[in-house]
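Each of the next two complexes has chain A plus one more chain, namely chain B in the first and chain C in the second.
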Partner chain A sequence: MTASPTINGPAAGASPAERRLLRTAAPQSGFAPWKDPSKQPIIRFENVTKRFGDFVAVDNITLDIYEREFFALLGPSGCGKTTLLRMLAGFEKPTEGRVIVEGKDITDLAPYERSNINMMFQSYALFPHMTVERNVGFGLRQEGMPEDQIKARVNEAMSLVELGKFAHRKPHQLSGGQQQRVALARAIAKKPKLMLLDEPLGALDKKLRNQAQFELMRIQEQTGTTFVIVTHDQEEAMTVASRIAVMNQGRLEQVSTPGEIYESPQSRYVAQFIGDVNIMEGKVVSLPGDGTVEITPASGDGRIFKAGACEGLFVGQQVWLSVRPEKFRISLDPPQSNVNVVKGRVDDVGYLGSISHYHVHTEAGNRVTALRANSSHNVERAISWDDTVWLEWPAESAVVLKA
Partner chain B sequence: MNTRFTWFNVTAIVLGFAFLYIPILILVIYSFNESKLVTVWGGFSTKWYAGLLENEQLMDAAWITLQVAFISATIATVLGTMAALVLVRMGRFPGRTLFSGMIFAPLVMPEVITGLSLLLLFVAINFDRGFWTIVLAHATFTMCFAAVVVQARLTDFDSRVEEAAMDLGASPVGTFFQVTLPIIAPSVISAWLLAFTLSLDDLVIASFTTGPSATTLPMKIYSQVRLGVTPEINAISTIMIAFVTVGVLIASYMTKLQSSRMERDRRAADAAAN
Partner chain C sequence: MRKWMVIAAPYVWLLLFFLIPFFIVFKISLSESEISIPPYTPVFSLSEGWESISTKLGQLDFEKYAFIFSDELYTSSYWSSLKIAAVATFLTLLIAYPLAYGMARAPKEWQPTLMMFVILPFWTSFLIRVYAWIGILKNEGLLNAFLLHIGAISEPLQIMNTTTAVYIGIVYSYLPFMVLPLYASLEKIDGRLLEAAEDLGSPPWKAFWQVTFPLSIPGIVAGCFLVFIPATGEFVIPDLLGGSETLMIGKTLWSEFFNNRDWPVASAVAVLLLLVLIVPIVAFQWAQQRAREAGR
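Let's turn to the complex of A and B:
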């Protein structure tokens, strides 16, 4: 994992990642058990592979998740994230490898034998013939808990999700957002050590979803439960998660904090999956040894790009440079420096109020996107269609990708 | 959609319904005939219905028929539900296609063949023919109908609901009785009603598998008709028609009531949330 030196101040039009950085800069920023070698993980996948016939859904994954983490499995549909979660719940058995939870090998246990793990299902899977109260108490009833204790625990779970007054309704008498709370209360009522969430907010509209994300975070912090969430929504993962595993075709592309994923992606796949990014192909020309690398673009117009080096680079290697749109400084006048500059022509301008998007066709033939904040009294002339512009970026905000 | 009343539409519907219902209507009307002659109207009377109660043979046959239908429908529903569960839930196992084909084959099997094969079986194992052989035979041929009805419901059943129950600690058996069965109950009940009705009016298979001690109502009616139709037969047939009609009406009314109430509740909940 490359440590990122490039954490800038709050940029205009802060991306979710940056908002997240601001948030984690606050009290709980010290929470990083994955960096502490003395900590034992609560979940350990050991070389887990799952095949369905010829299709490899999960391909030799080894992954540790720590107690009290809010861990996100992120990826497009079919990347294996749901299969991985279902292996934790016990609905799928790995073809190879072991799944260990709290030091105990649970690979071969049936779902109903995993009493410390509960799951919140996509589209909720509420029991339609039971009232909200019976739904929430279902798990406790299976344990044979006395009715008065069940009642207390159900009330506790329902007040945690602020659902008290709907106790005697049936699921079909509730709105989507209320059903989502019932599903959450039902899974949390047994006070599991580990809570699994399969696209828990996928059925909600955008406004409700944002509220629900913060509610999930609140409940996770209040109960101290370890949460593992599966999602294909990168903003959702960035908002809620302590760490994100980006998955692609059954493999882990990168496992890092949201900030690291955004600021120092390790592959083009991760860079492109999380937010907008401009990728420029090039070759390493020199490694001065001061922690930087010099790259010539593939189009070879003699310019030099400089960026922070990562491990294992060599001269002549093909690499990709990733620059986020908001890192570009776009101007109508040529900058003094000749390093980290591209020249181009404006193809398209998208005015979004506080910021503008510029699609620039570079001399090298790439199409890149730049963002600029629209400060109130721009003295400069507004950049418009067909203008010749220069894009410049600081060396530390570009990331060199080897794959 | 074109909803105009044209002469063509009206004629078509009158013809269609006339074809379906005139025979039944005539049967019902003549059950209230004063005259003993089936084809001559002699004024309104309910005396044949009163006479029925005193006809012990017919009443016995009716009682046997109800018992057979009740027991065989129950057996068929249990077996049919189990078969449907295996077909829908167990995924792909070797021989699944063969298995499902074999469950549904009796749907199109000629009743004569089913009846004959059962008769030969009972003879071969030296099973005394009578009440229980009819029950077994009816359970056999109605089971596949029950399986079809339950399978249709299970196919669009969200299996995640069952997974949720197991995730919360319910064993597979506990999940079935606490979650699956209550949810599919309406289709299990309609499967039972279908099996019950099929058993009620079966003549062919019952004739093959019965013994001297057990005569069902359709058999009784058939044998009496051969000696000449009496208005008594019309009366008991009318009662059977009423029985079935009321049952179907109640079942469909309840399904409709349930779904419209659920729809209304859901809309109300969404409106309250927005």
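Let's turn to the complex of A and C:
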């Protein structure tokens, strides 16, 4: 297995959080065409619904995807993400609505008529009776391109995925990671405007998957192609995507950048699907009008939680407060303030080296998880089982959810 | 010990039911015919002692084989058999491929039923089914009656006792042997391969020739051998449906044994038939081996 310097670089062994940092350092950091009203989307789903008998796989979705985006459709199996992708490829026809690509209504075009769209299939679907070279050149041959040009384009695609010396092998003579590259090269060889990836890395083991994610990002940036990826792996979506659409039961729960999805989820579903989160039920008690909201927890012991307000809140409304485990400050001593504080008992401690997890049983009867970086040891007494602790968090790091 | 018994079982079977009968037939083919029971001179007999056996072995010749090669009846019988079997195999393939393709593309829950329909004819004796074709094909049979009735023909077609009838018989009888391996290889083809071909710009009819057909070649090869090999030595079908014009080695062999009562020549014909068929059998084994090594 030959690996490129890119995928063996410092990024390969990085944790998801570190890789997100690398991502923002990438040349695309200022890239946000969805915020620019003058930009035309490359893909537009217009009120698209797909039913299979009684089952509604995709439920009235309207979605714009822009050129050069790396767009992830994320959700559990059966949420409609694959159906949405297959409608772009032409394998499924919407029951209602239109699919528009590059300003053209392609709703009724057959897959072979969509020459600007190519797909990389789950488990690759490589032609077993053809060599790697023939596989990669298959799409070009359909266009009737002259053989010498095909050869040049095949070589180009294969060097892009660093596969040159396997040209004459058959797919079954390759490893899973090599097959994945052939599948990628085959789809990219036609230089599509739009590249669809259906769980492209699902068959790889974790280490290889991390490398391959970076390779996908490199190729996406090098070729300037718009990528739409379907995945159920939230970490993968966070790593590669410019924007993520979180899907649930055929509907879009939220479409945002990875950072927004993580920091400001719009529903409990999204908050729980992406990363770990603590959710506390409560009621709005007052809206002071300074952009904050005061909430009293459902357990009703008179404590007050403060958080940034979102639109459309009213006093007495049932809401949920979501706090990521790393936002908690966990301490053995009671803090001065009694806003945004919960008291509890440590049930469990998970020491992971760089960080520790604390499972805390709160007085209100919830189980919450707090996370602490082990940055300096022995400064204070180590927190241990059955310790009484206080969890405190800043108002701006809690998110109020209405659903 | 038990392991050896398991390994030995097929070899014992082959020894008892193939090798020993083969050597008996081979021994007869080296003898001379005479009017007696059995109708040939013994080549040697184990009761005569070693001395006699070795002298008799020294006198052996392959005279009957030379005779077969010198007589055009036998050589043209072999050729004609191979030709008829080859044409019939091709016709069977043409009919079986769409059948197997339809089965493989049918909804999963129907496939066992369709499979049963293909195997259904085996529930009736082969001989009776071939006899039934006489009733269909003869001049006053069902087919001619129907064609006369709808006015397609004005006088009955002569199909019985022609080579055409033999083709019909072989294609009908061996169709399941072609359909089943074809179905097995077509059914295995991953539907996503066709989607991938379509996605890369190949319309469905082109994708068939680029993906489905090449991937079904192992099934085509297996089916063709399974039809060709037994069809070459076929006796019942040419005997019942074919006429005097249809030369097939199975028929020649039968008349040599039972009409001429020339057992040595008949045995030599049988031994040669086996040698003729060894070529496709070995080729078949080789193809199967290769398909296995291809890893799927």
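One rule holds in what follows: the second predicted complex is superposed on the first by the 377 of 403 C-alpha atoms of A that agree within 3 Å, B and C clash if a C-alpha of one lies under 4 Å from a C-alpha of the other, contacts with A are read in each partner's own complex, and residues count from 1 in each chain.
Keep this in mind: contacts are C-beta pairs under 8 Å (C-beta built on N, C-alpha and C of every residue); 3 or more make two chains touch, one makes a residue touch a chain.
Keep in mind it's a predicted model, so treat the numbers as computed, not measured.
J.: Clash or fit: how do chain B and chain C relate after the overlay on chain A?
T.: Clash - chain B and chain C, as placed by superposing on chain A, overlap.
J.: Check the residue A:Phe31 against both partner chains and state whether it touches chain B (first), chain C (second), both, or neither.
T.: neither
J.: Please work out whether A:Gly176 is in contact with chain B alone, chain C alone, both, or neither, and reply first, second, both or neither.
T.: first
J.: Between chain B and chain C, whom does A:Trp390 touch in the aligned arrangement: first, second, both, or neither?
T.: Touch status of A:Trp390: no partner.
J.: Thinking of the overlay built on chain A, is A:Gly139 touched by chain B (first), by chain C (second), by both, or by neither?
T.: A:Gly139 contacts both chain B and chain C.
J.: In the superposed arrangement, does chain B or chain C reach more residues of chain A?
T.: Looking at chain A, the partner in contact with more of its residues is B.
J.: Where on chain A do the contacts from chain B and from chain C line up?
T.: Residues 89-91, 110-112, 114-115, 117-119, 121-123, 125-129, 138-139, 142-143, 172, 186-187, 190, which sit in both footprints.
J.: In their shared complex, at which residues does chain B touch chain A?
T.: Listed in rising order, the residues are 158, 160-161, 163-172, 174, 178-179, 182-183, 262, 265-266, 268-270, 272-274.
J.: How about chain A: which of its residues touch chain B in the complex?
T.: My answer: residues 89-91, 110-112, 114-115, 117-119, 121-123, 125-129, 138-139, 142-143, 169-170, 172-178, 186-187, 190.
J.: Which residues of chain A touch chain C in the complex?
T.: 89-91, 110-112, 114-115, 117-119, 121-123, 125-129, 138-139, 142-143, 172, 186-187, 190
J.: Spell out the part of chain C that touches chain A in their complex, as residue ranges.
T.: 190, 192-193, 195-204, 206, 210-211, 214-215, 294-296
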